[in-house]
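First the structure, then my questions, so here it is.
So that you can tell them apart, the chains are marked A, B and C in the order they are listed, and the count of residues begins at 1 in each.
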Amino acid sequence: MDRFVYLTFDGLSRGAVYAAFALALVLIWRAARIVNFAQGAMAVAAVYVAYSVTDATGSYWLGFVAAIVFGLLLGVAVEKTVMRFVDHSSPLNGVVVALGLVLIVQGVLGILFGNEYRPIETPFRRDAFEVGGIALLSRYDVFVFAAVGAVVVALTLLFTRTAVGLRMRAAAFAPDVSRLLGVPVGGMLTLGWALAAAVGSLAGMLVVPTELGLHPTAMDVVFVSAFTAAVVGGLDSPIGAVTGGLVVGLLLSYVSGYLGATVAPMAVLFLLVAVLLGRPGGLFSHSKARLA
Amino acid sequence: MTDLREKSVAPVVPEKVGRKRRIPPAVAILLGAALILILTYTLPPFRNYQLATVGAYFTVTAGLTVLTGLNGQLSLGHGALMATGAYTFALTQNRWLSMPLSVLAAIVVTTLAGVVIGLAAARLRGPYLAGLTLAVAVVVPSVTSTFDTTFNSDMGLSIALDPPPGTIPMERWQAWLCWAGALVTAFLLATLTRGRFGRDIRAVRDDETAARLAGVHVARTQVLAFVVSAACAGLAGALFAVLAQSVSPGAFPLTLSLFLVMAIVIGGLGRLVGALLGALLLVLLPALAQTAGERSGSQHLEGNLALVIFGVVLVVVMLAAPGGLASIRFTLRRK
Amino acid sequence: MTGAGALLEVDGLTAGYGAAPVLHDVRLSVPSGAIIAVLGANGAGKTTLLRTLSGLLRAARGSVVFDGEDLRGVKVEHLVRRGIAHVPEGRGVVTELTVDENLRLGGLWRRDRLDAARALDEVYDLFPALAQRRASAGHQLSGGERQMLALGRALIGRPRLLLLDEPSLGLAPRITAQIMALLRDLRERTGLTVLLVEQNVRSALSIADEGVVLSLGRVVTRNNAAELRDDADLRHAYLGF
């Protein structure tokens, strides 16, 4: 029972990170109908920036801010220089271009920083508090919840309460109509990529210290989990992404805890296959399955 | 724009393809075999080894270009399928010490894996299919840790190969084996895609509804295309195992799958010649990048420079081609 | 009714989707304060004409001059600022957004926040049905409500020129009549100029001053509304009734 409670909190903490990362995927999917397969690589790049800044200044938080800002800028750059020019006649075009970006980013990171794993510090301790003799969660977990929670709240407010949010939604759903109403659709798209990349960077900052460490391919597995989370929730649904993230986090935690850590990736694959074949529109969608 | 494209590309290219088509596959394959034979007797061992690697890559890119180029299904999981073939080969070989049996086992097991993935893939489109196959590519290598008593985790397995017959040097023998596999694969694929199967998979790619109305069983065709390309990947995996005389998960990273996609895109989707070109690039570019890396004295450059070059080429090709993949793709019209 | 007083002047307009043009050398003049109907059978190029006017489609040749300014140099996003509202075919309600969000979207570009808010209230007064459904999503609305929403959203920008693409499409005759009456009323009250694309010839000509008949992308006739109504040959030839 103790173990179950511990694993649950651990799963929710992991899940929060996947939720953030899935949210980043959903943001771009809604805005541009592209699944950004380069999201993981871009996030790793941001974490390397944080690593360098922290290394130079000795401050975790300066590195943290640098990663987020770098994420924003990288999102803008990727949209403006590459993704904007992708032909949309086939959904595969966007996928293949994003894969090209993965190779570029991983290659550049390898050249700049080398291909060894680098341990990366956390701003808070990762050993769990005990409540009534049960190990619940660590200070770091609390930090993760707070950071992801803040992002979710901020994005919700942005999209539901602000003019920019309304413009972004309109531009994503009906670009031509929006342009006729004076919405700068291209700008909204760029903004969407920037936000998504920043959220992805945050997820990277949160997850890399809890995994093997920093490496150009450090987010490959995380990407698969987050993609699964996004698919579980339905690629169109931000709420679904958050829910999906938590579901995947819990699954991973229970499977690792009860069956062994090496089984966890396969569990994610099984979940992905099950959802894709059973409910391709996501577990929470009411609408018809969307296949492309 | 459109005007120009139609005028310059459409009439020229199919004509050229059409003319090539008049050389029967069997003749092309025999010529290829002769060329390989000559090369293996003239090249130094290391070049023979590279030549063999091209053959192994060609085996998988040929199958992948049929799947992606002719049938429109993008797979990022072919690296994992190769791993399946390679491990099956290794386990069978170490147990029974019979290469024909091991190769056969590799193909059979990978084909079965292809059936499973293909069944799922046939119901998925676009980014969902890409995501699923990507997950396969990332997750499958971790299986080696789950069942480490069989697969020996990250360390992998070494393989007890049958020695080459007579006094043939190992590298030449490897080149022969790889190219035998590659040429047989190419021959079978060329024959297959010229017949009814080829017509069906292209029809499904171009317009599923129309294909269905024309009596093509869409799902079955898609599964079949996946299975065929998986079989190729299985054989290629076995060939890679022969080349390395060992298998380990590190030999089949996600980037391998991405490289394969890059190779077929750059070579011109849907053409076996393109797959060959892509396979050649997969060997040459990293070799060049390695040389450049050694010259510059930076160890970091070695593998990574090739990554960057591949990525840049892939992005540039995709953005430069109007219509993206569709215009890179060749129609392979039947005469 | 052509000449110097025209708010919108179109000349030699040729446009299409690929190599072959859909519109050929279209000439059109819309005087300020007029309601001009563009008529024509399905596929005549009416929608294409409006899309080209607003810049959603790039013209191969020809000029579109609005209030003395060549619109070809104006981005689609800036059209509302010039005073042009285009209500696209199929109404262009953003179905994922609520009624209120759709309407607010129509006024987001405006500097004068106060007047934008006032315009929003006016639209709710004009269409009480919308006021009752403020929080409903676009996809929950009926066809008539959607048309009101799209029209109301256009009015929030206080346009000088309204480009309307088949507002009667799929609506009951009674609702169509209401919308036509509203257009006439708006013109009377605010001096709004309307370029009204319609297949529903009777309705359109009931309020238009002048009609332009398009066939296979060419202007075949231009005449005042009353005469077009009575020209049986023309109706048979181009308008199919």
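The rule we apply is simple: contacts are C-beta pairs under 8 Å (C-beta built on N, C-alpha and C of every residue); 3 or more make two chains touch, one makes a residue touch a chain.
None of these values were measured; they are calculated from a predicted model.
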Topological distance between subunit A and subunit B, in contact steps | 1
Which chain is the middle one, judged by CA centres?
-> A
Averaging C-alpha coordinates per chain, one finds the centres of subunit A and subunit B separated by a number of Å equal to 31
Can you give the whole-Å distance between the Cα centres of subunit B and subunit C?
-> 55
Using the average of all C-alpha atoms in each chain as its centre, how far is it in Å between subunit A and subunit C?
-> 43
Residue numbers of subunit C (touch at least two other chains) | none
Specify, in ascending order, the residues of subunit A that touch 2 or more different other chains.
-> none
Per the touch rule, the subunit B residues reaching subunit A in their complex are 72, 74, 76, 120, 123-128, 130-132, 134-136, 138-139, 142-143, 145-146, 148, 253-255, 258, 261-262, 265, 298-301, 303-315, 318-319, 321-326
Residue set of subunit A touching subunit B in the complex reads 29, 34-35, 37, 82, 85-87, 89-97, 99-115, 217, 220-221, 223-224, 227-228, 231, 235, 260, 262-263, 265-266, 268-269, 272-273, 276-277, 280, 291-292
Would you tell me which residues of subunit C are touching subunit A in their complex?
-> 54, 56, 76-81, 85-86, 88, 92, 94-97, 101, 104-106, 108-109, 153, 157
In their shared complex, subunit C is touched by residues of subunit A numbered 163, 166-167, 169-170, 173-174, 176-185
